[in-house]
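Chain IDs A, B and C follow the sequence of writing; residue 1 opens each chain.
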Amino acid sequence: MTYKSKKTEWLVTALLVIFALTFLYPLLWLIINSLKDTNEIMTGNAFGFPQKLKFSNYSDALIERNILRYFLNSTIVTSLTLLLTTFTAFIFSYGIVRMHWKGCPKLTVLVTLGLMLPSQIVIVPIFLMLRKMHLINNPLSLVLTISAFNLSITTLISSSFIKSIPREMEEAAIMDGAGLWTILSKVIAPQMVSAFSSMAIIIFMNSWNEFIYALVLITGKTWRTLPVALMNYSSGKYGTDYGGLYAAMVITSFLPVILFISFSKEVEKSLSAGALLK
Amino acid sequence: MKIKKFLFSMLIVAVLFSGTVFANGANEAQSDSQEPEKIVLHMLYNDTDEKVEDEMDYVMSRLPEVMPNVEVELDMSPGDAQSYETKVRTLIAAGGEDLDVWWERGGSWATPILNSNSALPLDSYLDESGYWNDVIPSAKLPAADGHFYSCYFEDISYEIMVYNKAIFAKYGLEVPKTVEDLKHIVEVLAKTDITPITVGAKDGWCAAMMIEGFAYSVDPKITKKIVDGEAKFSDKPYAEAAQVMKDLLNMNAFSKNIALTGISDAIPVFESGKAAMMANGSWAVASEAAKMGDDFGYFYYHVINSSDIDKYGKNIAGGVKQNSGFMVYSGTKHPKEAAELAQVAAELRCEYVYTKLGNPFTIYNPAKMGWEAASELAAPVEQLANDMTQFEFVYGLVRDVMPTAAGSAGVMQSCAKFMTNSSEYPISSFLSDMDKAALEE
Amino acid sequence: MVKDIFAKKTNILLLIAPALLLLGIFVGYPFIKIIIMSLQKTDGLTPATFVKFDQYKKIFADSAFWRANLASLWLCLLAVVFNAVLGVFIAVVLNGLSKKIQKFCRTSYIMPMVLSVSVISQLWLAIYHADWGILNAFLHLVGLDCWQNAWLSNPHTAMVCVAIVGMWWMFGMDFLMAYSGINNIPKQFYEAAELDGASKFQSAIHITIPLLKNVIKTCFIISATGGFFTFPQVYIMTGGGPGDLTQTIMIYMYRQAFSNQRYGRAAAVALISIIETCIILFVLQKAFKLIKSEE
């Protein structure tokens, strides 16, 4: 589809680029201001560059405020969630697609429920239940919860991929005497690389950035994750340290952004996967 | 590549996990090697700021000599009162295994704990140990059912306003005793770069404190009457106080962002001299006096009616928060030791703040305890300590006296909203919301 | 023999057990628990008492609930207009521009989505700050000082400002879905239309939009539910305040649960919002079916 005249094309381009800048500018502002001293942020030129680059915002964050520890916690939780969700969704979707049995439609109700409900709506029963199980403040509770809420979308992605794999390969493998696990690992899995990456990206984003459940389920400092650590950053000993807070925010975001930029094609595919399936 | 990524992340996870497991195991091994006769008690505390960390460091350092047969494991839990109390309830609901003694924030937080019989009555232990000889009379504050469930140790707090003497001197201002004086001061300061008053309005209770302070000059017993159901917020005292606040808001006494300013934002603004006055509590007096030296001063809430000027400073909002302090879990396996720990820890903490920090606002009678302040008390502190003995009627919202959590939340939210000074939320709406909160069950 | 492996009961069980366990415990059970708890009065510590529909009565009598509900519905509408509709529109319009511009715009629109809501919220707090925020500074720069405001404290602007944050965050999602959908439309359709002398506007209306029907429907659904359940950014930025200026229905539920310790009432609110969502989805489905039948 092309444009009638160069003039309209230029106009549209200009508008869309300006619109795009409104998405980019705040992030740029964040990086610039993460190197400012808090006093300058509050009293100086909002749009200006820092008068003195305050790298100590970053070293403070990493060392004194323990951001490194929270970074580690987020990594652990996200990695475990990745493993658990991908594996569970994979075998689950295989069971739904390939296996011959009657319970299938009833299962889809459960899956759809998981898809439709915003995860925070059931926060109260989950909190009370995990409390009874002594799992509050245990990162496992977060891993299990995030996995459960990501199962639906990942199962959908996984099943749509499996559906497109021709059965002949599995049938050939069975002729050769392969058991279920061999089929899964040697035949299906290698063909699912694209699906796995889509699933991994969704799970990573949701798990790394999860806030509400991380807030409610992890109450101590030991296992706190990055998004929650940001909340308590500016209050406490040092009063409101906006410069330091922004440094911490940049540290929190740099991993997802790097992943996004390097795998932008995959990210876009997985983020839009939802549309193609509904 | 995906498989490699999986294996790699699994490797990292395995290493990290084994690291933490190993660390935990090492800790357990250490504690196992202690003498088996010591009783282990778990104590939970709310790590709100570095001050309490210092206090508890002192307590823990003295405990082995005062209670040699007990091994105390202290858990300093960060967060605000709400998340801390959620953790307490979580531990209790899970069976209270790792909970013997904890710092109960008190007030409406304590209500469900008392209702579920999760707190151990301490009456007999306190009587036996001669506790009542050591504390001032107003510390004899039982729970609603007449029993004592906590060993108070929090500072007796009074709602006051603090001010920057240097700024006042610069503009030739004097300590205001009436609201009219205060308004005059605000008028002068509003024309300058300095914010006249700052307050942590986002944390609703700070704003509530201010309004209550003004209301007290009309009727100091008003808050108690409202809690007892004999009066309403929309009666004269609070209505007039709300009007005063509205006038102040309209006079630009506060910064534009005041409704979203929390107390931790407001304090640095006052300390750095960007604001001339701040609504705060007496708990800050000692540390502010230390930080600001001679520039620091305080005054009480002003009388609304100029003719009441002799009532200034007589009736103060504040006091000890009911059911606050160290509580003992009713299902603890060592009630006697836990009760003793509660008392000892409370005493040690107060001894620390009195002798080392020069904070005289404890419920313990220093003369009877044989404590001596390390250095001379700063002038404002000494002044307040003396005034303390003269106060007539003491009560207050800061003690979280609303009977239910919903009531407290309602009061705080209404006050925070009132500070937005919008035309859509006039005094009448504010007062009716407050009345609604008082009726929450 | 092939059928054997695929029909073996133990195999099936192995495959679906972990997922069923997770879904059952974290989705199914809580859902049932919500229904039960909404009929109780419980504070999580004292034993629960059964009060039938008392919680619902109290909720419907609370004006704060109705305000929160209205706020959430309003956010739902805003999200549909500025995320779904605008997203689709921009995706369509972007398609005619050069590849470089497309890549640049695409990456920019999606960028906020990869950030944590925690980061987004703090960032927008800095933008909206009444004393030194970027927004007020910008207005000052262009001489529109009179428009300066205490954005998040002003009852007129607070809710909209909060809405903007969520929409800014999630705009990329709708845009991307529409964009991928458009890319899936074979080029021949447009070429044929051009040969027939259709303008770009006409191609858009008659080719792109109809073929994007399903995608558009999904965008509407996601934006509507997302807007209705706005929560984390509000919690971080204002906590629902000052007072209840920015209280959405999820904030109302959270406060009932964790501030007021009324878990039963919170569960009732949750159930009410689930029912409302179903109604919204039902309306959307019907609306789209109607449009389809008109063709």
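The rule we apply is simple: a residue touches a chain if its C-beta (ideal position, glycine included) is under 8 Å from a C-beta of that chain, and two chains touch if they have at least 3 such contacts.
Being a predicted model, the structure only gives us computed values, none of them experimental.
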Category of the chain touch graph - line, ring, star, complete, other: complete
Contact-richer chain pair (by C-beta pairs counted) among A-B and B-C: B-C
For subunit A paired with subunit C, centre-to-centre distance based on mean C-alpha positions, whole Å: 16
CA centroid of subunit B to CA centroid of subunit C, Å: 39
Touching two or more other chains - residues of subunit B: 86, 93
For subunit A, residues that touch 2 or more chains besides their own: 131
Multi-partner residues of subunit C (each touching 2 or more other chains): 44, 131, 258
Complex contacts: residues of subunit C adjacent to subunit B: 43-46, 129-131, 150, 152-156, 238-239, 241-245, 255, 258-262
For the subunit A and subunit C complex, residues of the former touching the latter: 1-4, 9, 12-13, 16-17, 19-24, 26-27, 29-30, 33, 41-43, 45-47, 87-89, 91-92, 94-96, 98-101, 107, 110-111, 113-114, 116-118, 120-126, 128-129, 131, 144-145, 147-149, 151-152, 155, 170-171, 174-175, 179-180, 183, 205, 208-209, 211-212, 216, 226-228, 230-231, 242, 245-246, 249, 252-253, 256-257, 259-261, 264, 267-269, 271-272, 274-276, 278
Partner subunit B, residues of subunit A touching it in the complex: 72, 75-76, 79-80, 82-83, 86, 131-132, 134, 136, 193, 196-197, 200, 219-221, 232, 234-237, 239-240
In the complex with subunit A, residue positions of subunit B that touch it: 1-2, 5-6, 9-10, 12-13, 16-17, 49-50, 77-79, 83, 86-87, 90, 93-94, 262, 264-265, 267-268
Complex interface listing, subunit B residues touching subunit C: 82, 86, 89, 92-93, 112-113, 115-116, 118, 201-202, 204, 255-260, 404-406, 409, 413-420, 422, 424-425, 433, 440
